Amino acid sequence: MKSRLDSVRKIYGRLKKNRLAVVGLWIIIILVITAVFAPLIAPYDPNEQDLLSSLEGPSLAHPMGVDFFGRDVFSRVIWGARVSLTISLVAVAISAVVGTILGSLAGFYGSVLDEVIMRIMDVFLAIPSILLAIAIVAVLGPRTSNLILAVSVSTIPEFSRIARSAVLVEKNKEYIEAARAIGESRLSILFRYALPNSMVPIIVQASLRMATAILSVSGLGFLGLGVQPPTPEWGTDLSLARTYLEIAPHAGIFPGIAIFLSVIGFNFLGDGLNEALNPKLKDR
Amino acid sequence: MKHLVRVENLKKIFKIRNQGRTSTIVAVDDVSFFIKKGETLGLIGESGSGKTTVGRMIVRLLEPSEGRIEFDSRDITHLKERELKPFRNRFQIVFQDPYSSLNPRMTVFQILSRPLSVFGVENDRRKQKERVLKALYDVGLHDEHLNRYPHEFSGGQRQRISIARALISEPEFVVLDEPTSALDVSVQAQILNLLKYLKSEHNLTYLFISHDLGVIHYMCDRVMVMYLGEIVESASTEELFESPIHPYTRFLMRAIPDPDPEVSTKELEISYTERGSQVSHSDSGCKFFPRCDRAIKRCEGEHPELVEILPEHYVRCHNPHL
Amino acid sequence: MREKILEINHLQIRFDTEDGVVKALEDVNLELYSGEILGLVGETGCGKSVTSQSVLRLLPTPPTRITNGSILFHGKNLLEMPEEKMNDIRGGKIAMIFQEPMTSLNPVFTIGEQLEDVIALHRKVDRKEANVIAVKSLVDVGLDDAEVILSKYPHELSGGQRQRVMIAMALSCQPEVLIADEPTTALDVSIQAQILSIIKHLKQDHGMAVLLVTHNLGVVAQVCDRVAVMYAGYVVEKGDKFDVLKTPLHPYPRGLLESIPRSRKVRELRSIPGSVPNLINPPEGCRFHPRCPFSTGVCDREVPVLEEAAPGHFVACHHWRRLNP
């Protein structure tokens, strides 16, 4: 147990050397706190309308101004964090699990199974992920569950590709042969031996994919295919604000900044993790 | 004495795909031998001799292309993994590289208790722990090592863990595939002595694979010399080291530098130019012909058979050094 | 008569790592005379490779810090030499070959292109002349079909051939010193014997001084004139190879010699207990004392100094007199 803690500390130590990764990490921490404590932080109910102050600019009472429907933009941005983050997190978690299982099975068993799984993944990879997501939501209808499905389906191929190549590398190591020699079954070798040692690229990928998922969720929202109003969501709000962008830019700028920051945060962290985890975390 | 392992006409052909073209390499070519219960058989050869491939085929980590492997008088050559299961805990293997042969994500306890769970020897966790501890003491490690990860150990300690993993299911036969060649000499001696001790303690039979003549001499009762997939000489250790017959064996013995400068300085009169760079591809002749200093006409065209030149001393050579 | 070409004095090197400062070298004193082969032996982590690489300043800084000492080449301190001058020395006056020749050769150029480049650069000759020198130096290292070798790519050669090419490349610039860092460790014994005999001939024919780094005492016995044994960042014994290998004074080389299985005689192997210390927290005093059967109270307090026990035979042990009556 102690050594686990030690290695976490060591990884954090390496992460700390990458300044952008630290910035990313802080952005994400703030984002998560915001999402979790949204009801406490937000000064107003995000759906409370005060039509009299519609499109009012930033002020002490409304630090990010008011949107067309008279709702407090600051409160909506804060609640939006909750929506974006939850949907993206669930979607990435699903695609990470499914993609990793498919990819590692393909890599580990090889031959026909590998061909079948990876050719299917190739088909998905050939379609730009946002187009794929749009198609899925367009067919199934814009419900939250469909949104999650759309975003996760479009990221599965990435995970499976990465898991496959990681497992392929591990598969040829001597400890796998040793496991066969003590009679471990194939599945046990995959899940107890090969997979736990392939987690590094998958973790890195998960962080990077969080960024794209947030972008996809708000992109779909922007196109009216995402979370439906009046639920506060950055992309949807941005799209609504577009009409009045010239007279009330604040209603669009702040959700936009929120999207930008969270995407950048996960990207920085992902890159940082890649560096911190890769120079062999198993130091000899 | 009873033969625990019998190998007949074993052959392994590797297919190599290189830019669409498939070529084949005969890594092990028609190898036959037996291992008596309780003995240590040495297998010596340089890289590419096929010695490692032989070891892996015997413990069924590699599928033989041709031939037959018998363990305790049962043909195990083509048993499916499920049918093999009752045999798996009777023969084990220790690998060369102590760094890559342990799962970096498992603690020592997990590594050592897996064979117990898999073979169904012991499923109760408390009893597992007792057996794991006993195995650890056996190889010279202690309680405090139980919950550590492989990267916290030195090479020698890791090799001890590997040995404990191989022995915990109480096998009768162990393949030792260059178990000390990645270790420092001072540690190598520890491991060799440990292996000797464990052998007598647990009535083991070893197949000891190595490229180091000194190690083989120290460990083995009988020795086989392999060259390019074939056994070229086989005899009792004493006889082989006192009167080697095959030119390749003699060459190897001269090539290994002895730490005694008086012995060593005299012997460095090995041919200075490289003649063995072009390996002969003519299937008909002796494989050692291109490098041999005793080659005669017959060697180029006719492949020699392994012949019992002296009692229990087999040599594959047309012009043996007698 | 014997000129001291290379002299390492009180070399101390530290590596900064995440786990702490590695005290890789503590106090290394060596000298290489013209026309001799000096063997530098020891086990993993003893600092033999670090020492050899520091001569040509090949260690990356950071994490490396040279905290004390000097390396004198013909009396000039290499550690204080400007980088451009150092570049002339690397591959010019002092050449180096490594354990894995494949990594030191560029895979996309033929042997000829690389070899002739090096020769043209250091010997300041044109391509045609460089080619002549290249052929000659390949023949020198026993590659008779030099023209064929020159047209090949590194991957088309065997391990032994690649190491010969590396030696030829090192030689082609007529260096005064050759540093060979485990040159035969990755090779089969038969090839090893050939490479060693080449190195020995180089000394005899060209009067070159060689610093041969190895973990193999057999190799030392075979080709070296003198030997220095290192342990955990110190030279613990050095001298003529007959003295050190026949009558070692220090318990560590003694133990090493007793732990080598020999093909010529069988006897009980005596191993050295324990393993090489962690150099982040090395033992106090003599770094060998936790593994030493003769250690006493003084050994864990005071670092033994390297003293001359017999002419040219140095040992760093508090008890060498008691152990060698």
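Order as written gives the chain letters A, B and C; numbering starts at 1 within each chain.
What we mean here is this: a contact is a pair of C-beta atoms (placed from the backbone, for glycine too) under 8 Å apart; a residue touches a chain by one contact, two chains touch by 3 or more.
This is a predicted model, so every value here is computed, not measured.
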Q. What is the chain whose Cα centre is as far as it gets from that of subunit C?
A. A
(Q) Going by the contact definition above, tell me which chain pair has the most C-beta pairs touching. (A) B-C
Q | For subunit A paired with subunit B, centre-to-centre distance based on mean C-alpha positions, whole Å | A | 50
Q. Using the average of all C-alpha atoms in each chain as its centre, how far is it in Å between subunit B and subunit C?
A. 31
Q: Send over the residues of subunit A in touch with two or more other chains.
A: 283
Q. Once bound in the complex, which stretches of subunit A touch subunit B?
A. 1, 3, 173-175, 177-185, 188, 192-193, 196-197, 282-284
Q) Residues of subunit C touching subunit A in their complex? A) 18-19
Q) Quick one: in the complex, what on subunit A touches subunit C? A) 10, 13-14, 283
**Q.** Of subunit B, residues touching subunit A in the complex
**A.** 56, 59, 61, 84-85, 88-89, 92-93, 95-97, 99-106, 114-115, 118-119, 147-149, 151-152, 162, 165-166, 169
Q) Which of the residues in subunit C come into contact with subunit B in the complex? A) 43-44, 142-144, 158, 160-161, 164, 188-194, 196-198, 200-201, 215-223, 241-242, 245-246, 255-264, 266, 269-273, 275-276
